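In what follows, chain A forms one complex with chain B and a second complex with chain C.
Take a look at the complex of A and B:
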């Protein structure tokens, strides 16, 4: 069952599969940790999206939210949850790229072309940042 | 590295087939420009004048000014000129006052030393350059 859940995590791209992962609860979270980075040992709390390897740290998410607010010139009381999509906040494709560039500069990482296509929400951006920061730390 | 990449593209790649491909090229150009911004800041000693985010928003404002265009050939030509401009800047063919005047200062930028001379000026005159109606 554990291997099945890993396979479905890797290849399935439909929400129903990820919901069945959620039913497995902590088990799927542990699978994530062993596949992905082993330094952050807590299971994924946001398992509603299959691409998440491990939950991003809250301060990373907060930094991303701040940058998004500044770039899109949103007022301070617009509620930005990690699940909010950039397009629903009024950002077109150029705005999205600009946000990604701003994050690149802020965290000193560089995002590849294929990675940047997938970033549509704040949470995805934060996760990608975490992954790249860890890769960079390992490479140094 | 970005300067070399920029020079490579000056050799006229084939035309974009569709608006989608032109959009991809625009975003690619924007990414290249943003990645070369730190070296631009260093070349022209802009560290105490402007930040990288200011330059980035200046670039995106210029791109957005032409966002309404639908013809892929027109977009290609605009990208060609943009790449030429970027490679001029990166290879230090321009000078500091060019860069500051074109990308750092806004419309009112050149008239910012208003100082004490204009303190008693009327509201009408203050908004004379912007619009008739206020």
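Take a look at the complex of A and C:
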């Protein structure tokens, strides 16, 4: 329990830091954090982990949209929404790999294989990116 | 997230290999990198179009060959990648 509360304190202290540094844009997308505790009868496996639910920021979503457009060679006036599915834009699985690689470079993160195959929409990509950027900030 | 049709193990391996190739290309000079990416992408797309998805033996062979080629590409001594087409007579 001590470690869990320490982690959430760290979260709280991270938040204002990223506000003051907008260019960095790290963590302000955090909406709430759920912590599984063994006290409440959750499986004890969960107690060491905590999950973060993010709603990706508009700027991340826009950046993702730009990259997707560039990668799929879509014209500028194609309207893309966060709910757009890559497959409905004409992307096959190889295109999806390319998009993910491009996103990795752009945001300086590394997406592992399992996650990269779960990405089917712009929103999912943006959420995952925010999560990974957050994890990276935590690790530093 | 479950909306996506599940990929087979072989498909995942192919996509994984493609990722590794693109990753390896990042280590090269920018100009060569573009060239490598276009060659690799053309190769994968061509095979995706032309190879029957049930031809497991051939796909496995291509995977093995690809892994060998990837090893060579990863070496820092490898600077560029080139292709030639056999059997095409010049016009």
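Assume the second predicted complex is superposed on the first by the 88 of 140 C-alpha atoms of A that agree within 3 Å, B and C clash if a C-alpha of one lies under 4 Å from a C-alpha of the other, contacts with A are read in each partner's own complex, and residues count from 1 in each chain.
Keep in mind that, in the parts below, contacts are C-beta pairs under 8 Å (C-beta built on N, C-alpha and C of every residue); 3 or more make two chains touch, one makes a residue touch a chain.
Please read all numbers here as calculations on a predicted model, not as lab measurements.
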{"item": "Joint occupancy of chain A by chain B and chain C, clash or fit", "value": "clash"}
{"item": "Partner chain(s) touched by A:118 [first = chain B, second = chain C, both, neither]", "value": "second"}
{"item": "Touched partner set for A:135, first chain B, second chain C, both or neither", "value": "neither"}
{"item": "Which of chain B and chain C A:94 touches, first, second, both or neither", "value": "both"}
{"item": "Shared contact residues on chain A - chain B and chain C", "value": "92-94, 97-98, 101, 105, 113"}
{"item": "Chain A-touching residues of chain B, taken from the complex the two chains share", "value": "23, 26-28, 30-31, 34-35, 38, 52-53, 56-57, 60, 63-64, 67"}
{"item": "In the complex, chain A residues that touch chain B", "value": "70, 92-95, 97-98, 101-102, 104-105, 110, 113"}
{"item": "Chain A-touching residues of chain C, taken from the complex the two chains share", "value": "1, 3-4, 7, 11-12, 15-16, 18-19, 22-23, 26, 41, 44-45, 48"}
{"item": "For the chain A and chain C complex, residues of the former touching the latter", "value": "92-94, 97-98, 100-101, 105, 113, 116-118, 120, 124"}
